[in-house]
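Lettered A, B, C and D in written order, each chain numbered from 1.
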Amino acid sequence: MTGQCRPEQPIRNGAEYRQSLRDRNLDVYLFGERVAEPVDHPIIRPSINAMAATYDLAVEDPALATAHSSLIDGPVNRFLHITGSADDVVAQNMMQRRLGQITGTCFQRCVGMDAINTIFPITHEIDRERGTGYHRRFRAWVTGVQRLNLVVGGAMTDVKGDRSRSPSQQDDPDMYVRVVERRPDGVVIRGAKAHQTGAVNSHWLLIMPTMRMTAEDGDYAVVAAIPADAPGITYVYGRQSCDTRSMEGDLDVGNAGFAGQESLVLLDDVFVPNDHVFVDGEFEFAAPLVERFTGYHRRSYVCKSGVGDVLIGAAALVADYNGVPGVSHIRDKLAEMAHLNETIFATGIAASHRSIPTDAGNWEPDNLLANVCKQHVTRFPYEIGRLAQDLAGGAVVTLPSQQDLEHPGIGPLLVKYLKGREGVATEDRIRILRLIENMTLGRNAVGYLTESLHGAGSPQAQRIVIGRGIDIAAKKRLAARLAGIDETG
Amino acid sequence: MTGQCRPEQPIRNGAEYRQSLRDRNLDVYLFGERVAEPVDHPIIRPSINAMAATYDLAVEDPALATAHSSLIDGPVNRFLHITGSADDVVAQNMMQRRLGQITGTCFQRCVGMDAINTIFPITHEIDRERGTGYHRRFRAWVTGVQRLNLVVGGAMTDVKGDRSRSPSQQDDPDMYVRVVERRPDGVVIRGAKAHQTGAVNSHWLLIMPTMRMTAEDGDYAVVAAIPADAPGITYVYGRQSCDTRSMEGDLDVGNAGFAGQESLVLLDDVFVPNDHVFVDGEFEFAAPLVERFTGYHRRSYVCKSGVGDVLIGAAALVADYNGVPGVSHIRDKLAEMAHLNETIFATGIAASHRSIPTDAGNWEPDNLLANVCKQHVTRFPYEIGRLAQDLAGGAVVTLPSQQDLEHPGIGPLLVKYLKGREGVATEDRIRILRLIENMTLGRNAVGYLTESLHGAGSPQAQRIVIGRGIDIAAKKRLAARLAGIDETG
Amino acid sequence: MTGQCRPEQPIRNGAEYRQSLRDRNLDVYLFGERVAEPVDHPIIRPSINAMAATYDLAVEDPALATAHSSLIDGPVNRFLHITGSADDVVAQNMMQRRLGQITGTCFQRCVGMDAINTIFPITHEIDRERGTGYHRRFRAWVTGVQRLNLVVGGAMTDVKGDRSRSPSQQDDPDMYVRVVERRPDGVVIRGAKAHQTGAVNSHWLLIMPTMRMTAEDGDYAVVAAIPADAPGITYVYGRQSCDTRSMEGDLDVGNAGFAGQESLVLLDDVFVPNDHVFVDGEFEFAAPLVERFTGYHRRSYVCKSGVGDVLIGAAALVADYNGVPGVSHIRDKLAEMAHLNETIFATGIAASHRSIPTDAGNWEPDNLLANVCKQHVTRFPYEIGRLAQDLAGGAVVTLPSQQDLEHPGIGPLLVKYLKGREGVATEDRIRILRLIENMTLGRNAVGYLTESLHGAGSPQAQRIVIGRGIDIAAKKRLAARLAGIDETG
Amino acid sequence: MTGQCRPEQPIRNGAEYRQSLRDRNLDVYLFGERVAEPVDHPIIRPSINAMAATYDLAVEDPALATAHSSLIDGPVNRFLHITGSADDVVAQNMMQRRLGQITGTCFQRCVGMDAINTIFPITHEIDRERGTGYHRRFRAWVTGVQRLNLVVGGAMTDVKGDRSRSPSQQDDPDMYVRVVERRPDGVVIRGAKAHQTGAVNSHWLLIMPTMRMTAEDGDYAVVAAIPADAPGITYVYGRQSCDTRSMEGDLDVGNAGFAGQESLVLLDDVFVPNDHVFVDGEFEFAAPLVERFTGYHRRSYVCKSGVGDVLIGAAALVADYNGVPGVSHIRDKLAEMAHLNETIFATGIAASHRSIPTDAGNWEPDNLLANVCKQHVTRFPYEIGRLAQDLAGGAVVTLPSQQDLEHPGIGPLLVKYLKGREGVATEDRIRILRLIENMTLGRNAVGYLTESLHGAGSPQAQRIVIGRGIDIAAKKRLAARLAGIDETG
């Protein structure tokens, strides 16, 4: 029996979304124990809140976070929308920045959005070249997902073993997810997907290959949708910096409401019925699939400019609380932070604005510029974070605990001595410092920094695409012509 | 008598444009001598070629370089077009990049384009608030310029004297251009405009104030159009690095065809009839005029990404000629150059894409992103240039002269010893090295580097706009909310 | 009664040092509770280990970590040595780098070393100008400290309140430590010192002013030594990122042995007998004291190059474990990390090498170069950390917990799927990833990153010293002469 | 007949040095013509002035620019000294910085200094391993050079042809200098050395191989001293940006007194008597020779910090002349320029301070730190130059010519309009702007920028040495130990 994805009614808001995650009996492990109900776990809850924000924003600002879907002839959450224009692609970025501002962290729903918009044209192309029927299957599945307004987790990154070897060359054949059995009614897959963003908070996982493949790697060329609670799936929750502070109280965590989520997803012979298999063995399409997905996903990192907005605001606030908001070097640092942050935004917007239609009818961003955007994302949040810590001062890493502040004996002394300028409560100053700690060293530094570095591919992956994408031959001709070199000779 | 701007027939291409510049009897000084006919001067000619390319591109690719003008109800060169949509603003960038690729230098026509699109809404606003009739006058003048397809030079930067003092505080009142006499039929202006790009190659100069002004500075708040050959104007041609190589031969100059042009324009009591006066004394509008113009003009520096394309191509070509195109650090440097270059492009495109309409009906780019674009332009060409020199090797600054190469005795030895890989002519290797020298140290380094730094305002000017433009209060609220700070308290 | 600093016998090694900290009955608060015995607390213990390494190194490598003291005519730990030559100052750096390598964190003993070498000449100068007897007192106290081989914590940074106001302008006069009462036999001080490195692990605290002072701030100009267990002192232990992992087990913490320590030290009317007061009211000497101390201390950050060695090694090891040690971009990133790391080392060494003698007879480093060194320290560890995370891959922030790895059900699956190349134990791969997490996001990121930013003064403080220190007038003369400008005119 | 190097009496100062270059009948080509007397050529003269400064400084400041030579038991110019201590190596850097300040350009004498200190130990080692007698020969030759106080040009860089092939693999065997004939009394060499700094201004050229060699490359492994006027040598003078301005007048050139010099040296079967052959065929020593020489020479680029001092001074002066010296962003940029400039100095000093003795008795710098120093030199002058242009403003590239300023009609207007603040002569403002142009785009930009990039090896060469030099295995062990990894298993 396959897992049965709930709910049966469309999810209308964040509260209903939270409810939809209950009672699924997922195998989720954290600190060596199976979590009885992830929705109620204090470490997991903030990540669910972040995902829920994608539902609530669609209610509060439908122009920003919904779109009209031709598949269901009605409005859908923009995260589930098959883009119909360049403006649709740009609109995703606007929504992403806003959600970054609202949550200050990774809200996890972009991978699925980008995966849907990747598999849509890829299945169309495979069908055209191979006479398969994947595209129709995929449309049917997407239509169902849109109707119920579900979360789709895109599962791409394999664990990879020895990075110098291809999937089929590994000592252990399970280092990349593969089809281990083909039955008349479906396939059985095995392996593990690492760094899975929001998987525990998803209704469906969309399995995809992670890299270029050769004929020997055919069994690894598989795209399939599986319900998050399908038998055989185990989730091992990844530790994040300062994760346990979420269990201690609200002050020290910095951002008590929201957090990201990464887990390792073990697939122990999971059965997928044929209707949910969208690629099986067409290895030549693994490379274009990955390039398309990463093109889409790399400019999705515009979300980090929303997170950056929060951090810039926090840095400005702490300068204000310290009594020195107008000092020239502080103002200059805020301008530099904004300059870097807007560069992430602008390069993403440019990539989306210059989208082109696929043969399947959806639109996809400019691949070169999408990679330029992501390359900046691997650098600038670190510099923005460093500048935020600069403006915060040393207190960002030396503050006493919430319990000390609440201690009847030393608490009042701490309130006295940790005060900033007149008119600012010491607790507020501490709160903003803890937020900066959260975003530069703590739970949300994981999403703002490290995940910015590696999500959608590590920096070198972008450099390779940029190097390939610039039409160097045309540039050489431009130079030769101006230099007076006769190239016909 | 005012100057009489020719031609009387519309200019249709670069050749006609060149012809239109002849016999104007301009007072142009270079090396202490009045230039008899600028069109024939070997140092000036390449700058005219670059401007002419803006005419020829409109013939070759009208979709890129022309637009439909509602003022004349017909096609106009895009450089003279009053933008009617965000797409129009984006299209300017596409045209600019292409012209940068074609010329490898500054083609000088953007200032006028951006000035027209600035004065258009500003006059509209002054009229609305002050009941003046500037906007109608301006439309009439633009209509005439469009009909004849003329070059408009935008003249903004004053010589400034002591930079710590306002115009009216200077010891010498002529340090900023001002109205020295008001007559019934017009005004008389005096002063000097520095760093005037393409002024000698223009048909009209559009005088504008250079900075925020106060009531005391009223006489300095003047916008007016004057024919380039109006009595009282003297042009002193600015020296550029390696300018005299253009007089020596074609090989050593690197880019024999194209160059930029800067001059100092002395205005010695130039009379302007009322029809060509568009602001006179409304000092409060100087600041918004400058901010709007710089917003427009700063994202026009997308042209430098076209110039960057040439330099990247040159660097790739020299690596190829040296026999080492595939070496990993060389490929990585080319990718880095492209990454920086595309960032200039993308941030400009994003600024243009996010244009908004003015009350006067034309569109103007996002000011924050336009400044982000320009800020990158003040940094990245220097790094791209450094990397190009890195790939070029030391020969870029130690090559012998063309005359040595042509010397019957040592010439053949030079051909032998300066050869790169098999199959590449030594002369071609030298030509590409000279192009890189031209763009990083020589004539076109002026435009690619220094003018990128200071054109449309020096780096600090952008930082101030960025710092002001980011709505820091909103960002503070985002941070406070996530930190759990009650701001209502 | 003043506190009584133990021990009574010289401390000979790390074990004796640990013992010396026991039974002192310090008021140390952590998580809202008074710590019964800091030496036994799992969060505090790693910081004591780091300090203990300064004792053990002196045993293992006396040439590196001891010196001959003329005060006691015998060997002393180099951290207590009054420098007698430029080589002595350089030798401090060599010892610091080695201890950074051994501990991977802040070993806390440098502040005292640098403070001793600052107060030594400052008291000499005050005596000379004011006829006081501070220098003799100070020598006597240092002699005693050297005899017993104690840890001196240098306590400089006040809590500061409103940063835009001087000490005497604050609403609350206690925002800077000050003398609140003068008695015949001593003074009483009140206030708080923030970000106190290793204070709980010290035997003595050497109180110093934190900034330039005016006549109004006279009561704040106080230098005094107080035993760490003096009545009236309370320590509030600062929270560090991931601090509680030290209480969970050894695997997830990354570096189980060593950590830094920061605390807030509350001084509630602490009495200091006259023999331990070294400045009292000589406010004019606050500025030179701070400049000298920071000059000394800023080049002490050479220690971070030792910590950087560990992080470079960790990054190289994880690339090796992943099977890709020889890939060109990885090798290039390791070279870049080393380049940055050696720059910290080299600029510190240069500052120390160019030391000059003070009138008191000890040597102090070149102030300009010391600030150049520290300025790099505020930037490069962040970039080195980013590159380390780049080489680590996403797993650095998504690994499961130690308990999951030890779980009988999922543990073996995790060992299977988290494996790297053949021949490397999965646990070892996890260990090195956790070390990188520890140093870039976790406990020791506090010392390697944030403390590098703010310790010994925030970045702007160094920029001001650099700007003042470069003799700009002399540089102007160089330029004027070459430009042919006659400056005598 | 071999060339006869003059003079016969020791050169005592710059004037005598200039005289020593006369009447040598060198074959020097420039602009296709043989230069009758290089000493009198206006383009060459400034480069001779720069070299002459090395003589005059030895007179004016013997402590800085001379040393006691044991070879002649008397004082020698420090550029000819075989170092006898680490202090000697540091002293070279101090002298180099000073000469950079005096000349604002490349004074050309370092290559020989570093070459002498490289060949000295290399010949010692070859003799020890091969039983040859090179070292004695070399000492004898150096002794003679010291006696007469001559200039030695170090000639290393071959023209290289196809960079992907070794010397013996080239289509044309002359792409690297080689021995084409061995006679009883000496060898005959052929080939060309590119980018030869100061060759025309030298008395001797010391030929060295340019890279690692194999057995097949044996004929290319040659070290030999040849008089600059030896038969068969032809010099082709390299063009520099703005070189001809030196022929126009003094104002536009920016730095009328001093310039660098690069030429291509053609060796057309030059005979070298055995006494001047120091390596012939010992190919295994080519790699250590190059590594040693580059180690020595890379930290010699400390000279650029002296040139940087001039440029910082010029930028400060122009800000002063413009009336805005105290503006915060200007002061901050000056501090940044100084920070970068002092980093070059400090890393060089550290490399020299950590010198170690060779078996031959001279001292050589720390190779790792020397490469760190040079790596900074390939980056920071570009950034310092960019910041100098930033402070200079646009006028740095748009100034009129000297002839325009002297024109009776427009000259006075130019003096009026190009004035800065009160009290500063317009001409002085122009002079300092021209100096900045000279150093960032003009003649001395060649030395300050491009030659900083490629001299002593291009950036990638340093990265390779840094990558190899950091003992990565030791760093791995540090990390493994702290991570709790048992490496013995």
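FYI, a contact is a pair of C-beta atoms (placed from the backbone, for glycine too) under 8 Å apart; a residue touches a chain by one contact, two chains touch by 3 or more.
Since the structure is predicted, the reported quantities are computational estimates derived from the model, not experimental observations.
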{"item": "Longest centre-to-centre distance from subunit A, chain (CA-based)", "value": "D"}
{"item": "A-D or A-C - the one linked by more C-beta pairs in contact", "value": "A-C"}
{"item": "Proportion of interface numbers common to subunit A and subunit B (over half same, under half different)", "value": "same"}
{"item": "Euclidean distance of C-alpha centroids - subunit A vs subunit C, Å", "value": "38"}
{"item": "Subunit A-subunit D separation of Cα centroids, rounded to whole Å", "value": "52"}
{"item": "In subunit D, residues with contacts to at least two other chains", "value": "329, 332, 463"}
{"item": "Residues on subunit A engaged by subunit B in the complex (per definition of touch)", "value": "90, 101-104, 250-251, 254-258, 309-314, 316-317, 320, 331-332, 334-336, 338-339, 342-343, 345-347, 349-351, 353-354, 368-369, 372-373, 375-376, 425, 428, 431-432, 434-435, 463-464, 466-467, 469-470, 472, 474-480, 482-485, 489"}
{"item": "List of subunit A residues in touch with subunit D within their complex", "value": "328-329, 332"}
{"item": "Interfacial residue positions of subunit A with respect to subunit C in the complex", "value": "29-33, 157, 159-165, 171-172, 174-175, 192, 194-195, 234, 236-242, 244-245, 252, 262-264, 266, 268, 322-324, 329, 378-379, 382-383, 385-386, 389-390, 393-404, 406-407, 410, 413-414, 416-422, 437, 440-442, 445-446, 449-451, 453-455, 458-460, 463"}
